[in-house]
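Worksheet: one structure, shown below.
Labels A, B, C, D and E are assigned to the chains in the order they are written; within every chain, residues are numbered from 1.
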Amino acid sequence: MTGTVLRGLHAAVLTGTLVLASGVALAAEKPIKLGVLEDQSGDFAVATIGKVHAIQLAADEINKAGGIMGRPLELVVYDTQSDNTRYQEFMRRVLQKDKADAVFAGFSSASREAYRPIVDQLNGFAFYNNQYEGGVCDGHMIVTGAVPEQQFSTLIPWMMEKYGKKVYTLAADYNFGQISAEWVRNIVKQNGGEMVGEEFIPLGVSQFSQSIQNIQKAKPDFIVTLLVGTAQASYYEQAASANVNLPMASSVNVGQGYEHKRFKPPSLKDMYVTTNYIEEIDSPKSKEFVAKFKAKFPNEPYINQEAENSYLAVYLYKQMVERAKSTKRDDIRKVIAQGDVCMDAPEGKVCIDPKSQHMSHTIYLAHVNADHSIDFPKVWPDIKPYWLGDAGCDLTKKDPMAQYTPSNPPPK
Amino acid sequence: MNGLISLFRRLEGPQTKGRGLLFWSVFMVALIGAIAYPMFSDGYTVGNTAYFFVWVFIALSLCLIWGYGGALSFGQTAFFGIAGYSYGILTLNFGAAYGFTLVAVLAAVAIAAVVALLLGYFMFFGRIEGVFLGIVTLAVTLMLERFMAQTAGPDWRIGAARLNGFNGMSGMPPITIPWFDGPIVLFADVGLYYLILALVVVVYLGLRILVNSSFGNVIVAIRENPERAEMLGYDIRKYQLINFVIGAGLAGLSGVLYTAWGQYITPSSMGMTSAALPLIWVAVGGRSDLTSTLVGTLVVLAGFQALTIYGSQYALVVMGLLLVLTVLIAPNGLVLGAMNVIGRLVARAKGGRN
Amino acid sequence: MALLQLRGLNKHFGGLHVTNQVNLSFETGEIHCLIGPNGAGKSTLFRLILGEYAPGSGEIFFAGEDITTLKSFARIARGLSVKFQVPGVFKGLSVRQNLEIALQRTRHGAELDREIDRLLAFLGLEAEQKQTAGNLSHGQKQWLEIGMATSLRPRMLLLDEPTAGMSPEETFQTGEMVKRLNAEGMTVLAIEHDMAFVRQVAQRVTVLHLGQVFAQGSIDDIVADERVAAIYLGQAHHHA
Amino acid sequence: MRKEVILNTVGLRAGYGGKPVLQGLEIEVREGEIIAVIGRNGVGKSTLMKSLIGLIPTMDGSIVFRGDPVEHLPAFKRARLGIGYVPQGRDVFPRLSVGENIAVGASIKGRLTEQQRREVVETFPILGERWSQRAGTMSGGQQQQLAIGRVLVADPELILLDEPSEGIQPNIVQDIARDMVALNAKTGVTIILVEQNLDMIRAMAQRCYVMDKGRIVANLDRAALDDEAEMRRHLAV
Amino acid sequence: MDIATFAFAALYQFADAFAFLVLSACGLAVIFGMMGVINLAHGEFIMCGAYVTATAVHAGLPLPLAILAGALVSAVVGMLVEFVVVRHLYERPLDTIVATWGLSLIATQGTLIVIGSTMAGVGTPFGSFQVGAYSYSIYRIVLFLAALGVLGSLYALFNWTSFGVKARATIQVPHMADALGVDTRWIYSLTFACGAGLAGLAGGLYAPTMTLVPTMGATFLMEAFVTVVIGGADVFLGTAPAAAVLAVVKSVMTSWQGQLFGQIGLLVAVIIVVRVLPKGISGFLLRERT
């Protein structure tokens, strides 16, 4: 009985795919299907709706310019509602039923870990266009977001030089926070600094009076804030109102959740963030990107690094397919293995590292002023995601389909 | 033999809707349909249906505890999560060889039941009841979620298994059955589908027998009037506790199967949303009847998924609206309401013939 | 020999003593009626005997055993049983199921069915056996609950206002039923306002007043007692 | 001079769960009367009272208070029109103090005034002594006086008294009866009394309806009330 | 560090935790305690209050007025919700859980669709002060005073006003209150509105200190539920002492071992209370008093 009901349901409703502006000439060719699983509702929607828009923008441009190898790009978009189980359901659907050639999926690391076993098991091909804690060594995945070594190896030494050697870390108590804090700890030590405090905040906590007191007690020269999620972002306002008045360094804020736009100045005053893109970047490429984006989505609140990652990922995919003359993952990985998959993105030049299938980035140091305007005291071009490769992940040779951490590296 | 017959007699009874030839014919047709349909369908649909079936157990557990026992547990997902994590920890440590995954399934369910025994002891022997029971179980579930979410640090490991905090635990093997020519690995496909279907049938029929047994009588009596039940000499706390533990075991079974299905378990599977969902399925289906709960759960799951696929950002709004309307318009649940109507029509048709 | 003994039972809510140093003993095999104005502490005394309230001080002995700290169900298991003032039948279940739940602890299989049938006949509820108990008339609910209480074959049956809402004929029948149960060996303790019923069944009567034992004796003694009349019966109570 | 009709019912049917207990009941009460409604247990006396105040819905027929039909009004609106209800079992608010209980009764007219308080305490001195005590801890008789005082404070035109003698010591029953008669004489308040206690009926009632099976079957005058045989016949004792 | 500084720091942390617990919980507690209804849309009423407050501030209203506006709008929305949904479910308290959860889904996602994923903050007023080596936010003291004020006003409302006495009467014997001329539906409506308004007030008070997003209500929920579980059904005998006890547990554990242990402390407190005082603190106190 139940089976009948379900089959009826599936048969009754039309497929929910969305064909974007395909020209008449392209219609004849079989489209290349790109699955898009992003959180358009729920907790993470703040930072992710822009990703979907960026993908739509890129697909639109590519289709107008004749598609990929003459084939139009078709997007299959599902709203994952910030719910891990939805990622599992829809990754299965997009791979098995929609038979997408590649999938762009996931904001939180948890959602990535939820769908990754399914991609592996069904032999799919997924892009994770988010900055994250690093360490995913999986041939089925390409990561276009920045990882800790890219953001911290630049940020922390610069901060220590400018402000001093005593560092306090305030981090979200989950994988991203824990691993990032570990990076910070190691880099501080290598540069002869001292960790005067480290505190992990459970997710969902929004009250920081005690932490503020702890920080004042430890008297650091600057604070590294690795707070995640909207609840934890309340720290800045609360610290400002308690007059903590210390410079802050971060890899997540501003570039992702555009807190400088949302919070009332000067709560983010003297926050330094390393990011591979934000809309304030003042280069011709970036300005052109922002203009195109705002033309298509005039109400977009902010174009963050993930939006740019997603945008460039579509073009990277195009390049790889055209060079491989195939949408098969194995063929594409052969192209990657050549080590020269690069492009001129809005942020600057980026390349895929064949060993880890992560990406090199231009890292911008964004400084938030008292009025929440941004300036860029420093730019580091071509920063490589070196850690995974150095630690022993080499996808050109072996595919362990696992996530590693500095305290849990790949087996030698 | 006699015992077996009297057991089967309990498949029908005052506590369950549906009896007689007509009902069981429909049941058999549905069952045969469910068995046959993977042959005409694709891997995705079968895997997706298996996924829907995974949730049936937690829904039935709530039906048993809430619908039959009258005790609203908002914490079934706690047992779901505990069992899921237990399965992960056990299989990551001991592997999948020699059918160990099957042992792990049982052990994980047992662990969930033991935790339920402790919590249930506190609650029922503390005589917590009514809406307050709901708040307590919800508070415990939310705390458990928050606790598991912060186990990201490298110290949080049990043997080879890292709890891995908010990101969740992954990499555990699927259920594996040892076989002569090599073990059968049940990925989320036809194999797993049949295993879960078999479990659904066994659990459904088993629960029918349970609620129509003398134990079920007492459970329903406690829902109707706990004081009277106690004054008939029943230690109602014990019955409530046992019922709660059985329910927790079923919720745990859902958790294990979910973990094995997606090779993944996360703290958010215990969160507010996850905790509320089973309530929704059961309330919409009809909480005081197993069949209604079973059918209702599958319908709502399929409906919600369809909504999410086709309703884009309005899906959650529509879902919320549906819930409110169901509660206002069909308080007994949509499926149970429909079944009552059908029952009346059948009775009238029979009456007309006589 | 005393089947149930209450020794110095005290129960107070806030400053109000509901029972105050109650010493009572109920003999094996007797029908004992407990009367007294509302608020005299009769129902509270029942709840103390049944273990629904814990006494502030004092002891309860049943068949020689101290049951003061036992849980309700354990007291039932030792041979107490009760019909409440407000009928506590399982309203959503059928009459037959109500009896099944009462009987299934001690009887099984065909014997269970036979015993249910016997009880239905005894209570005159055969025609209603498939009805939902909540749809019974008030009197029928009382009967059903008496049936459930007696089905446990208790050594001592507690009845809290068994005839409330019954017609005189029904009240009389209930009295006869109680006498029959007593003849079979059941000790009965009843709270009752209906003096006709008390007259019909009681072998001994205890008057409670303001939480204390006020008087005790045969119904004739009690009726003759001017003090009792003053507190309870009034000069022209229509039942007296 | 014949007083005006303050309350009458026409073909009143009401009951629980779709089953009418009152089967087309008709009564007529004039201003300033004290009438009793008697009958055996279960004939629907309390149902009548609940139906008059509006705690159970009217299925058919009409309840007319001061010339206007009120059967469609919720209980609180009927109370505001001047009907005071003293229920069987008293139903005081157990965790409110005596004073607060009175204040709820007074709330129809606004805040409890000192004047109102004095009047209530004059009628029932015990309430003054226990003013701050929680009502749930008082004895039955005290609670009964509170339940009546709680209604009186709002100056009702009609009081529905349901079994006020139930479970109360005879001397207090007599006190209450005397107080109510005095009140009736002083303010002209109309009283409908449902009662089984003959003493109380005789002490209070000017005439008496006899109810059976949801209908009025007799309307007895004062003289009949004193006729022991007549009364016993109707009460079937 | 001298003893005075330490004492002040401890006191400040306690007050801060206490304020958060009281303000989070009391709207939930009023509705649960007075009506037996678990309002799962509690967090959304908080969000509503915060959003209205922020909007009002952006529109140029001074903060205190804006907060009041937030509370008021939440109360009105609460009254509407009571009228349309909750009113029909008083006989079925468990169903109100389902319905209010549905409402919370609609509110969260509806806000996201209509207003967008985020809202600009308003900034914390009053600045800071210094005690010993530490600087503190003055606004947190305001929050503490607001929590005390809310408790005091609630006490006054339910004990000294006509509405309060009628509300308590209605909770105890509803049909009798009705028969005495109390419009019980209106009382329920007002009580629900009061609970929703308190939630809105909490949202408004915390709006200057928090990120404003549609899901912000969720951060209050766990603390609110824990406080109600430990407090039991009575606002004054339950919520206030429960918040005090929990604030001590939380602030001591947090300053000793960090935020995580603060949270674990709450969990342990729940389990202990469930075992020792199954009806919460107020259940225990009331049993002693009846």
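Just so we're on the same page, a contact is a pair of C-beta atoms (placed from the backbone, for glycine too) under 8 Å apart; a residue touches a chain by one contact, two chains touch by 3 or more.
Going by UniProt, the chains are A = Urea ABC transporter substrate-binding protein.
These numbers were taken from a predicted model, which means no experiment stands behind them.
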For chain A and chain E, the contact-path distance works out to 1
Could you work out which chain's C-alpha centre is the most distant one from the centre of chain E?
-> C
Note: of the two pairs A-B and D-E, more contacts are counted for A-B
Per the C-alpha means, the centres of chain B and chain C lie apart by a whole-Å value of 43
Whole-Å separation of chain centres (CA-atom averages), chain C against chain E | 47
Could you state the distance in Å from the CA-based centre of chain C to that of chain D?
-> 31
For chain A, residues contacting two or more additional chains = 41-42, 173, 200, 202, 204
At which residue positions does chain B touch at least two other chains?
-> 146, 150, 313, 316
What parts of chain E, by residue number, touch at least two of the other chains?
-> 109, 112, 218, 222, 260, 263, 290
Note which residues of chain D are touching chain E in the complex, please.
-> 53-55, 74-76, 79-80, 85, 87, 91-96, 100-101, 103-105, 107-108, 110-111, 134, 136-137, 150-151, 154
Chain C residues touching chain B in their complex are 50, 52, 71-74, 76-77, 81-82, 84, 88-94, 97, 100-102, 104-105, 109, 145, 148-149, 152
Chain B contact footprint on chain E (complex, rising order) | 32, 36-38, 40, 85, 88-89, 92-95, 97-99, 101-110, 112-113, 218, 221-222, 225-226, 228-229, 232-233, 260, 263-264, 266-267, 270-271, 274-275, 278-280
Quick one: in the complex, what on chain B touches chain E?
-> 66, 72, 74, 122-123, 126-128, 130-132, 134-136, 138-140, 142-143, 146-147, 150, 272, 276, 279-280, 283, 313-314, 316-317, 319-324, 326-328, 331
Residue set of chain B touching chain A in the complex reads 26-27, 29-30, 33-34, 37, 41-45, 47-49, 51-52, 146, 149-150, 152-154, 162, 164-168, 170-171, 187-188, 262-264, 266, 268-269, 273-274, 295, 298-299, 302-303, 305-306, 308-310, 312-313, 315-316
